[in-house]
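Below you will find the structure I want to go over with you.
A, B, C and D are the chain letters, set down in written order, and residue numbers restart from 1 in every chain.
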Amino acid sequence: MNVALTGVLTYLALGVVGLLGRGRLCAALAILAGLAALAAWAPGFPERVMGGLPWGVPVAGDTLALAFWALILFVHAAVLWHERHRTGAFHPLLTLLMGTCLGTVFSRDLFNLYVALELASLLSFLLAGYEGKARAVWASLQYLVLATVGMTLYLFGLGLVYGKLGTLSISEIAVRSPDLSDPALAVGVGLLLAGAAVKGGLFLFGLWLPPAHGYAPTGVSAVLSGVVVKMGAVALARLSEAFPVGPVLVALGILTGFGGLLYALWEQDIKVFLAFHTVSQLGYLLIGFGLGGPAALGAILYAVAHGLFKGLLFLAAGTGIEGMGVRSIPALAGHLSLPVVLGLGVGTWAIVGLPPLAGFAAKGALAAGVPSAAKWVLFALGVGTAASFSKLIPLLRPAGRQGGLGGMGLLMGAVVGFGLWGLAEFSGLMTPGAWGEAFLGAGAGYVLYLAVRRFHPRLPRFTLDRAAVATLLGAVGLALGVLLA
Amino acid sequence: MEGIAAAALGIALGGSGLWTLVRRRNVIWKLLGLNVAAGGAILFLVAVAHRPGARPAIEGLGSGPAADPLPQALVLTAIVIHFATLALALVYVIFLTEHRHTQDVHKLEREPEEP
Amino acid sequence: MRWLAGAAVVALVGLLALGTWGLFPRPPVPSWEEATAAFGARNAVAAIVLGARLWDTLLEVLVYAMALVGVRMVLRPLSRVQPVPPVSETPLLTRAADILLGPIVVFAIYIASSGHLGPGGGFPAGAILGSGLLLLALAKGAERLAQELHEPSLERVEYGAIAALLALGGLILVLSWRGSWLLVGANVLIGLEVAIGAWVVLHHFASSRGEV
Amino acid sequence: MATVLLCALTLALAVFALTRRRLLWGVIGVGAHSLALAGVYLFLAAPDVALTEAAVGFALVTFIYLLALRRTGRLVVAATEVYPLLYQEGDAVAGLEWEILERFGRWLHRDIEVLWVARADIPRLLAAGEADLAAGGFLPREGERVLLSRPLVPTRMIAVRTGPGPCGAVAGDRGQDHLPPGGPTYEDPEELASALARGELGGAVVDLLRLREWQLRDRVGEAETAAVEEDLAFRFAVAPGEEEVHQALEGFLGELEASGDLARVRERYLG
């Protein structure tokens, strides 16, 4: 515990020192310190109470924390390399954000999770509005309003849960196996879930996410979609460890998965499209965390894989937009340079789940751990993913070879490496059945794309008022769901 | 009695604040509503910490049962976090008023002229 | 939309009331005197905020500091070039500010340094000091005060305070050091950070205003 | 018991604050509510929370709201409709004065909000700080303390005669001063016009612009303008406490006049 905590404190301190100058150097040092700390606590550590009993914050270095530390440090390194020309507060803020995420994933305390999420989101929106564009600032303001709604709900839930159980430690709550038929507890847990769902940007709760991520600077989008959003999913996973809310989480995951896809399918702005897609991919994580056991392990793997290839996709898309000055997918077609096309291609191949890249391995690991009914849901989500990503096919025609790979190279290597490691690790993936299923899903997705691309349905736009009402209704629904389930 | 009254007040504040949030069109009004709602949630936590006839959780201050210190400590954190978020939100409101000349949510939601 | 919003709020309030119903009567609080004494405090809330849950407090201080970074980042480019005149030139206000500032500073220092013994702590102390500075700014003119409080060095002090707090966090959380001097140190550092922050926010809000 | 009463007071303050029309009152009300909330915390044996709530939740939050309002606050304009100065067009506002107000708002970086009220209510709204400006068909009477801008559109009060019968006017309007004793008054110019059209009245004391509006919409037929009572001008009126706004408005109108824009706008609406 001490090593991990020292690592996080060093990370944060280097971020703060970086605000005074030499931000990039501090960021590099922080990554090194983080790597050293990770290596020192690598196999994990059992739960300990930081600060001592009876009020301390319990932390543990479990598999989830381990996987996320590796992901966070790697993505941070790639983005640092990709955005190395940036000066000023950019890199220190990024370092602080990544340090916060490192601290979030090993926390096992309801209130500490909330504080950490609050800091992470505040930092992400500083970074999203970094370039001072009115649109990004409006997106950030919307987010701040909705996040405060989420915080209010979360605090009410915390009051109910703490009032009933007298503890905030996730493990201790789990040991007491709380009875959710008690209305106080059920409503409290529902509100906690709603608060975490707002932070995580789930469908109907986090409708701030697509604009905020879509209009952020390139490297920031990669970090936000790759790492930061998943902190909300981590909080939900922790909640499901404490309370028996697996089915609610699975339902939320299905809703999020298909809801995000619905919006991604027809979106033409490439970065907003990718952001909607992040929402839909959170569905996989929630289904995995909700089912627990081997599925949860699959969800962790998928979180890491998604962090790598979504980061890659955002870096590629952002580089393309910066070079061209336009954002819509048809306008970008045929104007992208070779490195960008390579990045988009590898990312798309991976996210659709085709072998031998990371998406295939992670989706395979997830599917291996779920019951057969859930397999069909995952397959349908995969088809939808393939359908929406078919839109990017016209972009994959390079128009020149200027520019370098930058941080994309690092992420590309990781996507390939992760995929090959997965193939070697999970014996079930090296079968013709698994490969056939993957290609069948991609093919079905392409056919679906051909079928739907002529329609242009007018999906309801989520204004701030609607998003706020949706959040409140969602919270009511979750509380009722927990109460009645 | 005091605890129940305070909890009820907290819930009522939460409700009225959230109602203001969803009904008003001006962003600053929305933030005011949120302010009241968050205050309600914080009061709710303090009400949960309270015990009938309790004294503050400070050694040597009065006698008898003390209030639960943990929620009170959490609330201190929550108050400051809320203030920080609010300050940032108001700064964004100033920025938007400067650039878009309005605080009306419906007008802000229309696409801005600049790219 | 209106009905939906009303239904959502009413349902939420109803659910909360339903949940709260089951909370009363409240069980007794376990004894905390020993744990408080272990941290060298008499105020249990201070022992939690500055000791057992210093980790939360560190993150919270960072939240506060990051909000300040945001305020600076957004408002600096919007600042007007022309100096803002003092709100009022009346000698009464200036005199009152001069007389009040001393007690305010003393009170803030008292609250910060005795927060582990009685009610108080770094956050209210910093906020009170920040409000006192605003009072002074109203009397003297924000720009003049801003010149006297050199902002770049304030910024350095602020970040230095946070770094020191993080180091203190290492001592308390990693090395398990205990003692009332640690709590006083943490409270004073937090108070410093909050006061500077409050001043920065208020000053930026006040001086980057439009023509009226 | 004291706690319960304080809780009730806190809730009442919050409800008071959140139901105001004017943001400034909302902020002040929420500030008072926070202070009462700090008192509740004191009663709940949470002195630390009370202190923090008073210092952060009350002092700092109220300060930043007030400063933000000073920076961005909207200008509230209390007005009565009069074509073509200030009138409603569907949901939107239009007219000569609206065009000037909109440009003034942009110049100040402030939103403009128009409250449509009865003429007689305007002085009260200005005095209570519920509105900053008055516009539209507002011609201040003797003894109404307001700060006046420079004249925008010249007009005059006239007595209209359509037949035998008493003479009417709008309540609180300048015309009331010239009304023969016993003449009825109406809340709304529209009501006055209908009374005139129904033949209940033999005449009215109104301003020239109002008469022109009625004639354009055929509300009065054979009208004789009986006597020229007084030369006046339409202008903005600023609430008595708002010297800063008044100065800014005068400066802005001065610029507008010097650049010739004011004349152009006048030309467009009045021909």
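Note that in this section a contact is a pair of C-beta atoms (placed from the backbone, for glycine too) under 8 Å apart; a residue touches a chain by one contact, two chains touch by 3 or more.
Since the structure is predicted, the reported quantities are computational estimates derived from the model, not experimental observations.
Innermost chain of the displayed assembly, by C-alpha centre distance to the whole-protein C-alpha centre, is B.
The chain pair with more C-beta contacts between its two chains, of C-D and A-C, is A-C. Chain D has its Cα centroid 40 Å from the Cα centroid of chain C.
With centres taken as mean Cα positions, chain C sits 32 Å from chain A. Centre-to-centre spacing of chain B and chain C amounts to 16 Å, using the average Cα coordinate of each chain. The distance from the centre of chain A to the centre of chain D, each centre being the mean of the chain's C-alpha atoms, comes to 51 Å. Residue numbers of chain B whose C-beta contacts span two or more other chains: 3, 8, 11-12, 14, 17-19, 22, 42, 44, 47-48, 50, 54, 56-58, 66-67, 69-70, 72-74, 76-77, 79-81, 83-88, 90, 92-95, 98. Looking at chain A, one finds that residues 55, 111, 115, 118, 122, 126, 129, 132, 137, 156, 160, 163, 465, 469, 472 touch two or more other chains. Residue positions of chain C touching 2 or more other chains, listed in rising order: 5, 8-9, 12, 16, 20, 23, 26, 32, 43, 45, 47-48, 53, 56, 60, 63, 66-67, 70, 74, 118-119, 121, 123, 201, 205, 208, 210. Under the contact rule stated at the top, the pairs of chains that touch are A-B, A-C, B-C, B-D, C-D. Residues 3-4, 7, 10-11, 14-15, 17-18, 23, 26-27, 30, 33-34, 37, 40-41, 43-49, 52-53, 56-57, 60-61, 64-65, 68-69, 71-72, 74, 105-106, 109-111 of chain D are the ones that touch chain B when the two sit in their complex. Residues 11, 14, 17-18, 21-22, 27, 30-31, 34, 37-38, 40-42, 44-45, 47-48, 69-71, 73-74, 77-78, 81-82, 84-86, 88-89, 92-93, 95-96, 99-100, 105-106, 108-109, 112, 114 of chain B are the ones touching chain A in the complex.
Per the touch definition, chain C reaches chain D in the complex via residues 43, 45-46, 111, 118-121, 123-125, 127-128, 130-131, 134, 198, 201-202, 205-206, 208-212.
Those residues of chain A whose C-beta lies close enough to touch chain B in the complex are 55, 111, 115, 118, 122, 125-126, 129, 132-135, 137-138, 140-141, 144-145, 147-149, 151-153, 155-156, 158-160, 162-163, 168, 463-465, 468-469, 472. Residues 47-48, 50-52, 54-56, 59-60, 63-64, 67-68, 70-72, 107-110, 244-245, 248 of chain D are the ones touching chain C in the complex.
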